[in-house]
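You will see two complexes here that share chain A, one where it goes with chain B and one where it goes with chain C.
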Partner chain A sequence: MKNFKLFFLFSRNALRTTLQARSGVWFFMIGKICRFAFFFLMILLIFGKTKIVRGYSLPQMLVFYLTFNLIDTTAQILFREVYRFRYQVISGEFDLTLAKPFHPFVKILIGGVDFLDLLLLIPYLLLTLHFAWQTHAVTAFNLVAYFVLLFNSLLIATAFHIVVLALGILTTDVDHTIMIYRDLTGMARFPMQIYQEPLREIFTFIIPVGLMMTFPSQALFNLLKPSFFALAFLISFTMIFLSLRLWNAALKKYQSWGG
Partner chain B sequence: MNKYLTIAAVTIKEYSAYRLSFILWRVRIVISVLVTFFLWNAVFDKQTHFAGYQKDTMLTYILVVNFVNSIVLGTKTAEIAGDINDGTIINRLLKPINFLSYYAYRDIGDKLLNLIFAVVEFFLIKTIFNITIVPVVNLPLALAFFATGTIISFFINLALSLIGFWTTEVWAPRFVFLTLVFFLAGSYFPLDLLPKFAYRLLLLTPFPYLVYFPVQIMLGKRLAWQEPLLFSCLWTAITYFIAITMWRRGNKSFSFWGR
Partner chain C sequence: MISIKNLTKIYRTPIRGKHFVTDLFNHHYKKITALDQVSFEIGQNELIGFIGPNGAGKTTTLKILSGILYPTSGDAKVLGFTPFDKKPAFLKQIGFVMGQRNQLIWDLPAVDTFVLNKEIYDVSDQDYQKNIDDLISILNCRDVIDKPVKTLSLGQRMKMELIATLLHRPKLIFFDEPTIGLDIFSQEAVRKFIKTYQKEFKSTIILTSHYLEDVKRLAKRLLIINQGKILYDDDLKTILEKFGGGKYVTVMLEKGVDQNLLTKIGAPITNQFPKVVYRVKRSDIPQTINLINQLLPYSDLTVEDERIEEIIKKLFGK
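Entry: the complex of A and B
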C-alpha cells in the first residue's frame, strides 16, 4: 500500500515536471506522432504495390506494427525513469534513493510515468482493434489470448528494463544501454518471418524481442501453436528471475560516489 | 590549419576512450539497417520488380544509405546546445580558434571514424547475406551532392543547437528533426516510391538532398540532376544564412555568470 502511494506521488511529480516544459511537450508529441505515422505510411506504401509480404496481408502487418507500438509505448509509460538512471549513478543521486525506506524500483523503475505516451496509447489500441477486425480471423478466444500475451510481453519488458538498470551500475562506459534495448525491440516492429535464419530464432527465443512483440499478434490471427503459449510464459518468468538475480549482483558491486 | 586537423584527430581519439560505447552505437546502426534491409528483402520474396526497382537495386540502396548517413548526418554539433545551457561555451569562445571551424573539424573527425565503420559494415552485410551490389556510377556528381548534403546537415544541426541561446528545451526540436530526417531524406525507402504530389512537394524541402539524391546519383538512377543540384546549393545557402544569423544574434543576447 505504501508503495502504491509512493508510485502515485512520483507519478504526480512526473506530470508536473512534464508540464513545466510546455513547448517541449508539443515537440515531443509531434515527433512521436510523426514517427508512428511514417512507419504506418511506409507499410501502406509497400502494400499499395503488393498484396502479401511473407504470407501476411495489409491489416495483419498493421496489427503487428500497432501491437509493437502498444507494448513499446506501455513500457515507456511505466519505465521512463530508467532512461535517467545512469545520470543518477554517475552523479551519486542513487545513494539518496538507496537510503530511502522503500524498494529502489519504486523510484528508479516506475517512478517517472510518462504521461505523453499515455495519450498515444488510446489511438493505438483503437487502431489495433479496427485492423484486427478487418483480418476476419479474430474470435473472442483469440482476443483473450492476445491480451494475455500482451501482459506477458510487459513482463518481458520489465525484465529487460531491470537488466538495463543493473548494467547501469555494472558499467558506466556505455551511456545508451536503454537505446540498445529500444533498437533491439524495434526489430520486431514487423513479423519475425521477414528475417532469415538464424537471426529469426535468435531474436525470437534467445533475445526474445520477437516473442515479446509478435506472439500476441500471431495468437490473434490463430497462428500460434498452443505449446508456444506455455513457452512464452516460461521465458518471461525465467527472464524476470534472471534479471532480479542480475540486479542483486549489481547492487552488491555498487560503490557509492559519496558527496 | 594544423590546429584544426588536431581537433579532428582529438575527436577520433575521444572515441577511443569510450570504445565500447562507440562500438555499441555502431551495433545500433547495423540493427536499424537490418530491419529495413530484411523488410525490403521480404517484399521481393515473390516478385522481381517493385515500383520500377529490382531487388538488387533496392537492397544496394538500403546498404548505401547507411554509408551516406554516416557521412552526411554524423555530427558533434549537438553538444553545443548543452555547452550554451551550462555556460561551458564561454571556455570555448575564449580560445584562439574560430568556433564554427572548431565544430566543422570535429564533425570531420566524427564522420571519418563513422565512415570507416560504415565501410566495414557494408562489406560484412554484403558478404554475410550474399547481396549482389549494383555498381556505383556518377561518382564525381555524387560527390557534389555529398558535399552539399553534408554542409546542409551541418548548418541545420548547428541551428538546432543554437536554439540553446534562447531556451533550455533544446532536445525536443532535435528529436522532431531526427524523426523527420530519417523518413523524409529517404533512409527507409527511395522517395520516388511516394505519390508524385508528395514527392514533388518534398523536393522543395532540404531533406531529399541529404541522403536520397547522393545515393540515387551514385547508383545511376536516371534522374535529371541539374535542378536538384541547384536546389541543393540553394538550401546550402539558406541553411548557412539561418545558422550564421542565429549565431550572431545568439552571441549578442547571451550572458552567463563567470566561471
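Entry: the complex of A and C
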C-alpha cells in the first residue's frame, strides 16, 4: 500500500516536472505521432500490393503492429526512469535512494511515469480493438487471453528493465543496454512468421521478444496453442527471478561513484 | 549504537592499458583498499568528528554504516541491525546528509520533497507539521520552502536538504561534508544548526568535514582516518595533550628590537614586525614568559595550544 502511495507521489512529481518544459511536450508528441503514422502507412502500402502476408490479413497485421505499440508504449510509460538511471549512478544520487526505507525500484524503475506516452496509449487501444473486430475471429475468451498475455509481456519487459538497471550498477552504462533492448523488441513489430528458422525460434524463446510481442495477438486470433500459453508464463517468471538475482548481486558490487 | 569490527572495503577499479583498442579485450583491474580492518564503537547521543584527507575512507565508512555499500569483510552493527540488510525499521531511524548530493526535486519547490519524505518515512500529519515548524524555526527559512529548488542559492538548498533529511527525526545522522562549498555565513548557519539540533533532539551524529573548524566547533570525540586505517580515536581535547607537543606564544611588539634579543628567547617560527611567534614546550611556558617580560617591549601577548591542523598534519605524516 505504501509503495502504491509512493508510486503515485513520484508519478505526480514526474508529471509536474514534465509540464515545466512546454515546447518539449509538443515536439515529443509530434515525433511520436509521426513515427507511428509512418509505420502505419508502410503496412497499408504493403497490403496495397498483396492481400495476405505470411498468412495474415491486413487487419491482423495491424493488430500485431498495434499490440507491439501497446506493450512498448506501456513499458516506456512505466519504466521511463530507467533511462535516467545512468545519471543517478554516476552522480551518486542513487546513494540517497538506497538510504531510504522503500524498495529502490519504486524510484528507479517506476518512479518517473511518462504521461505523454500515456496519452498515446488510448488511440492505440481503440485502434487495436477496432481492427481486431474486423478479423471476425475475436471471442470473449480470446480477448481475456489477449489481455492476460499482455500482462505477461509486461512482466518480461519488467525483467529486461531490471537487467538494464543491474548492468547500470555494474558498468555505469544504461544507454547502450536500453538501446539493445529497444532494437531487439523492435524486431517483433510484426509476427515471428516473417523470420526464417532458426531466427524465429531464437526471437521467440531464447530472446523472448516474439513471445512478448506476438503471442498476445496470436491468442486473440485463436492461433496460440494452450501449451505455449503456459510456456509464456514459465519464461516470464523465470526471467523475473533471474533478473532479481542479478539485481541483488549487482547491489553487492555497487561502488557508489561520484565521491 | 554503532559497533564495527575489522571492517574492510576493497574497491575494484579498471586499469587503462597502453592502447584503447586492446583495452576492450584485456580487462585489468586493481584493488584499492578503502577501509582496512577498521574497528570502533559509538554510543548514544555522541557527536563524532570524522576527519581525514581525500580518499581516506570517511565516506566509504558512512556508506557502509547506512547500508549503501556492502563491506568486503568484517562486521557492522548499527542500531542493532546489519546495515546492508536495508530493513525499513533500520532505514527509518537514520538520516544521511551529503554535502555534494541532493535529494530535492530540482524543478519543484522543496516542500514537495518534504511531502514525499513524509510518506517514505511514515511520518504522521501531526508530527510532520511539528517537525517542519521546528526545523524551519531553527534554520530561519520559512520564506524559501515554496520556491522552486532551482531558484535557491547553495546555502538555501542545504537548509532545505537538512529539513528533508531530518523531518522524520532520525536517531542517527550522518553528515558528510555538510558545509562544503558554502560561504562563511552559510557554514556558520549549518554548524549552529547541527549543534542546536543535537542538543535539542539528542541524536547521535557522525560528521565528516574538510573544514576542521566544523569539527572543532561541534565534536567532542574525534576519529581520524588515513589510508583506510583509524589513526586516532579519542576526545578532541586529548589530541592536544597527546600529540600537541607545544604551545604558541604570540608577541605583538611595540617597537622594533634587535634580532639577537629575539633569539635569546628562542628561535621564532614567525617574525614579521610587529608579530613574533614562538613554539614553546608546555613545561617551558613560565620561563619563556618571564624572559619576554624582561627583554621585549610588547603591547599584547597570547599563549595558544598548538593548532589542531598542525597536529593532524603530523599524524598523517606518521
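Here is the rule we go by: the second predicted complex is superposed on the first by the 254 of 259 C-alpha atoms of A that agree within 3 Å, B and C clash if a C-alpha of one lies under 4 Å from a C-alpha of the other, contacts with A are read in each partner's own complex, and residues count from 1 in each chain.
We take it that contacts are C-beta pairs under 8 Å (C-beta built on N, C-alpha and C of every residue); 3 or more make two chains touch, one makes a residue touch a chain.
Every value quoted in this text rests on a predicted model; they were computed, and no experiment measured them.
In the superposed model, A:Leu251 makes contact with chain C only, not with chain B. In the superposed model, A:Tyr87 lies in contact with neither chain B nor chain C. Contacts of A:Phe151 after superposition on the shared chain: neither chain B nor chain C is touched. More residues of chain A lie in contact with B than with the other chain of the pair chain B and chain C. Legend: residue contacts after superposition of the two complexes on their common chain; A:Phe205 is shown touching neither chain B nor chain C. Within the superposed three-chain model, A:Ile46 lies in touch with chain B and out of touch with chain C [touch as defined at top].
Using the contact criterion defined above for the overlaid structures, shared-chain residue A:Phe141 touches neither chain B nor chain C, since it reaches no partner. Chain A contributes residues 2, 5-6, 9-10, 13, 16-17, 20, 91-93, 95-96, 98-102, 251-256, 258-259 to its touches with chain C in the complex. Interface of chain C with chain A (complex): residues 11-12, 59-60, 63, 66-70, 84, 86, 88-92, 94, 96, 98, 100-103, 105-108, 112, 115-116, 119-122. Chain B contributes residues 18, 20-21, 24-25, 27-28, 31-32, 34-35, 38-39, 41-43, 45-47, 50-51, 129, 167, 169, 171-173, 175-176, 178-180, 183, 188-189, 193-194 to its touches with chain A in the complex.
For chain A in complex with chain B, the residues that touch the partner chain are 21, 23-24, 26-28, 30-31, 34-35, 38, 42, 45-46, 49-50, 52-54, 171, 173-176, 179-180, 183-184, 186-187, 189-190, 193-196, 199.
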